[in-house]
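Sending over a structure as structure tokens; questions will come in a sec.
Naming follows writing order (A, B, C and D), and every chain is counted from residue 1.
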Amino acid sequence: MSDQNTGPAKKPIGELLQSANRTFLYFILFLVVSLSLVVTQIRKVEVPTQPEAYTIEAYKILRNVPPGGVVIVDTGFTNSSRGENGGQMEALLRILMRSGAKFAVLSWVEPQCIEIARGFIRTINEERKAGGEAPYREWEDYLVLGFFPDGPTMLQTVHQNVREAWKTRQATDPSTGEKKSVFESPVLRNVQKIEDVHAYVTLSASGTMPTIVARIGKQVKVISMITGVMFPEQLNYFKSGQLKGLVNGLSGCVELEWLMEKGIDSAGVVGGDAPGKPVAAAFKGAKNFDRGMAYYLALHSALSLLILAVAVGNVGMWLTNRSKKL
Amino acid sequence: MIPLAQATEPLSFWQAEPGSTKMWVLIVWAVVVGFVAVAALLRTPTRVRPMIVSAVTFLAGLYFVLHWLWPTAQDYNPDEVPRNAVEGFSFWLQGTLPSVTAFAQSLGAMLLGIGIYSLLSIHLGRLFKRQKDWFFSLVFALSMASMILFGYWDWITRLTPEGAKAATDAPSLFPHFAKDLLFSGLFINMDAVMFSIIAFFIFSAAYRAFRIRSTESTILLGTALIVMLGLMGGVVVSQDTLLNSLAKPGESVIVDSLRLPTIRTWIQDNLQSPSIRAMEFGLAIGGLAMALRLWLSIEKGVSH
Amino acid sequence: MQYYDTGYLQILFVVLLMAFILFNIQRARGGKQLFIRRIPGLSAIDEAIGRSTEMGRPVLMVPGLSGLDPVGIQAIKIFGYITRTAARFGTPIRLLLANAPLYSVATEMIRDVYQTEGVPERFDPQSVRFVTDRQFAFAAGVAGLIYRERVAAAFLMGDWYAESLIVAESANAVGAIQVAASTITTQTPFLIAACDYVMIGDEFYAASAYLSREPVLVGSLVGQDWSKLAIAVLIVASSLYGSFEKRFVQQTMEWVQEPGKAGEMRPIPARMKNNDEILPLRFFSPRKPGPLDPPRQKKPGAENKTGGDS
Amino acid sequence: MNLENPTYVMIKMTAGVLATVGLYSVLYRETKLYRFFEHMFLGLAAGWSLKAIWTDTLKDQWWGQMVGKVDEQTGLMKEPAVWPWAFVVPMAFMAYLIFSRKHNWISRIPLGLLIGLGAGQTFLNWFNLYGPQMQDSVKVLIPTTFSSLTVPPVVNGQPDPNVYLSQAINNLIFVATLLCVLSYFIFCTEFKSRFLKGMSTAGRLVLMVGFGAIFGSTVMTRFALFIDRMYFVWIEWLWRSVLHLS
């Protein structure tokens, strides 16, 4: 088209801006993300965020587990969604361990989810040891119930009788070294029915939450930690009150870390300092910012880059159209 | 269900003592009879064949249709005697459901072999005929073989008495390491890599497509932009501080409704969910119609 | 009132939709001429195939991760029509699947197409391939094939999940014309961004009727329109009546919650109805478990099952 | 030596990094490197499916039921053997006849069976899936009070049954949107009246809004996963494991 007035040799700027080479685009994205990650790693950049209501609710519940209270962690993510669920898992474990809650891990999505969860528990425990805190011990402080091939049926049984649902599950009592029923462990000893559980947290990259809510949603506080893709449809469950808390992908993970750092004061203000017992206290001085914050700058730069690229393309189109008009 | 107790019940015609010779005989007998039936089917005249297929399809569908239409007995309990015939049939339906689903799953699973055959016929053919890319077919064959070998080896070495896979305290054996390297080290990682590669493609696709060319693309672009900005905490916070300088939250309705998260949620609640939902309805009905045509075998080219 | 609280309306409604569909199929079979509006993506099919014929490059067809279900079979049906045109021109095809049972059906249906076109010898069994049933391995395999064989046209129809963009962009990179239709609504925007033509929503189901003009399919499509209207009418009517009820009718009774008294109502001081109490919303959601019949007797030998743990 | 052994972890991570480089190379162009990892990926996938098909499905769903279960301790029968499960084998064999030129029609019997079951389940679940969505689309369109135009803040947690003007308007928009989009998906009539034409055009435009929103909210996840990959390569592998930096 516009070659007539500029000659075939070099493309006019408009054309150029519109037809950026694919590989070039990919390289820029790669570069920008890698750099932001390294920068964040060298000098701990903290991008501010503003926790949403559903994240705040989740934090309130998890932060206020009564001493000895039990939380069920239903993990359903593999390494392929570690980018979002991984950070959520770490934040969840930190909150639970620091507020002295007992928890039991189970999965009905893939057996491998259990091994991955164990990995995260190990990491956080190493961190506690390094920080001079007592590590969480299996059997006393937490349990791994393992993988359930038929989740819906298991949850249905939990709804009727939790002891029946997990009766075959055993764990090793370190004091005697023998395998015992999980209900003999300090974690589940006092759990007679699912109502005795403080909260049921599900981490997943797929739509497993409705299955859970449909069966035990009325008996126990269900909190869902999901990827951004699943978020829009799960938001309705939070609005209708079926979900008590919701964590939306990476940004939700950062919000959790933010809440762990700032806390919610007695007036319900995030990071406020109103006198009196805070609604959900912060963990002052502890390592609160981790994976979430480590990725957050990169997320910002990537999204900005995307917006920029779109803008450039449109400017190019505009220039071309104008040169055509002339 | 609770074991042991069943031992007290007499075995029905369809059951046998596990591991007993009787059981094996019956199993072999069933297989033989089955194959004889297949052999007989080979002789059926061409005219009858579509009818057989349609009949099978219809009956299979009918099972779930009955599940749907037949009055379901309240608080079903296999240990209780149904009150009347209607309830009795409903009991039968509910009782057989697990077996029927298990049957469908096993049958479907056994068909995987057909797919694997297609794969091997392509790659082994290439390999033995030394065609172009035969080396990569070799890579394929080797990685497949090793995954099967170590997958099963590791699985067998780590079987618990219940026959379940002991995902927990696994002994550190050679097959365990080999399997872990192949599965967690390579396979799972490759899964994650391909999943993450989408980011690049989103980038290039957006750059190419999001042009203010037509009303449609402009709307698409605009909404996407608002939602993306709403996800960037940095942007949200700075916009908030700006708006707060105009009016504190809750003071002015107009200012509050300008906040990015508010706009984002409004769009998602009042425009996204109804539009997507309407689309879902259309798809749902399309699926219903297709299922109906398949069930009644009035869809050309499938059953005949 | 009690009538509205039984679940049968649900079944009735679905049966009504099915009746619409079957009735119209009968009508169409009776020779009634029915109209179908133009569907943008489909007019591109011939263009795409023509192009690949000129370039002598294969036509790629992928039903995503669809299994042996209505979606998968619908996708294969559409591919059947595409293959018919390809078979006439002797254009090579590639049909890649991620589900073994669907692969078997596809092989059968594609072979049929070549037979009915009278060119069975042109059917290459290796043109219909099972790649793998693991999502991203599938994506990698399809992308690889796209680059190696430099397909000139790509038809992506069926249950497409996250892998959709990998395939679509790879096809775009080799300059293929792409026609896409995903039944997974969350993927449609990415296909719109990456592909030349996208069929939205149940244009996917309308496609086979549009292409074949088979009375059965066209009739069924009319039935589907009626069903959509039925849903629209239901929602509008309920909304209007609901608004009226909320404004002018007050709640004076409530269900008794005590066990054994299921289905009984007791009077309460009149108040405005909550949103879940307005009649249309309860049309389809039965509240009343119905008075329970006397308990059943146990089967013989079932007593010792009450123990629980064992 | 167990799976946490540092040397082994290092090997494993390096394998992951190699896989990343190999598969990402397709972004530049389809090279032999990519082809190598692609075929390895496909091979591993096929192998894993063949393993999982037995360990996850057939062993319990089929074999376990066919041969029954015996309790190790007591030696008593846990579950009786249900021998008719053996009929699944010839059933599946029929499907394999698809490779026979002459008898391939037989394969349509087991496939037809599966199709039939699938179709039946569609009817069974249809309303459970979409009924709630229809219900949720029934909205109150007339405000019950004009005491306030927008929803007032909740007083001591008491649910307020009232519908305010702003809500009514939103509900109206909701239902209107739904209708417009539905009208766009009407195939068998040409809309004569300008109103209906406008509706279906509006429907298409609103769909684009929905798509835009989906695009926006999905982008975060996709980028997050990519960032995670880069974090794995640069920070976890290079920074911590290779360079041993903090």
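Operating definition for what follows: a residue touches a chain if its C-beta (ideal position, glycine included) is under 8 Å from a C-beta of that chain, and two chains touch if they have at least 3 such contacts.
The structure presented is a predicted model; accordingly, all values stated were derived computationally and were not measured.
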| request: Specify the chain pair with the maximum number of C-beta contact pairs. | output: B-D
| request: Averaging each chain's C-alpha atoms to get its centre, pick out the one most distant from subunit D. | output: A
| said: Between subunit A and subunit B, what distance separates the C-alpha centroids? Give it in angstrom. | reply: 24
| query | How many Å are there between the centre of subunit B and the centre of subunit D, using C-alpha atoms for each centre? | reply | 8
| said: How many angstrom lie between the centres of subunit A and subunit C, each centre taken as the mean Cα position? | reply: 32
| query | subunit C to subunit D: how many Å between their CA centres? | reply | 14
| query | Can you list the subunit D residues in contact with two or more other chains? | reply | 23, 26-27, 29, 35, 38, 41-42, 44-46, 48-49, 95, 98, 108, 114-115, 118-119, 122-123, 126, 134, 137, 175, 178-179, 182, 185, 204, 207, 211-215, 217-220, 223, 225-226, 228-229
| For subunit B, residues that touch 2 or more chains besides their own | 3-4, 68, 108, 111-114, 116, 119, 165, 183-184, 189-200, 202, 204, 206, 208, 210, 220-221, 224-225, 228, 231, 268, 272-273, 276, 279-282, 287-288, 291-292, 294, 302
| task | Please list all residues of subunit C that touch 2 or more other chains. | result | 11, 14, 18, 68, 70, 73, 101, 104-105, 131-134, 136-137, 140, 162, 185-186, 189-190, 192-193, 200-202, 206, 221, 224, 228, 231, 308
| task | Write out the stretch or stretches of subunit D touching subunit A in their complex. | result | 4, 27-29, 56, 60, 136, 213-214, 217-221, 223-231, 234-235, 239
| Touching subunit C in the complex: which residues of subunit B? | 2-5, 8-9, 68-69, 74-75, 77, 79-83, 108, 111-116, 118-119, 121-122, 190-191, 193-195, 197-198, 201-202, 204-206, 208-210, 220, 224, 276, 279-283, 285-294, 298-302
| query | Tell me, which parts of subunit A touch subunit C in their complex? | reply | 22, 80, 164, 167, 229
| request: Within their complex, state which residues of subunit B touch subunit A. | output: 162, 165, 167-169, 183-184, 188-189, 191-192, 195-196, 199-200, 202-204, 206-208, 210-213, 221, 225, 228, 231-234, 236-237, 240, 261, 265, 268, 272-273
| Which positions of subunit C touch subunit B when the two form their complex? | 11, 14, 17-18, 21-22, 25, 68, 70-71, 73-74, 77, 80, 97, 99-101, 103-105, 109, 112, 126, 128-137, 139-140, 162-163, 165-166, 168-169, 172, 183, 185, 189-190, 192-194, 200-202, 204-206, 214, 216, 220-221, 223-224, 227-228, 231, 289-290, 292-293, 296-299, 301-302, 304-305, 307-308, 310
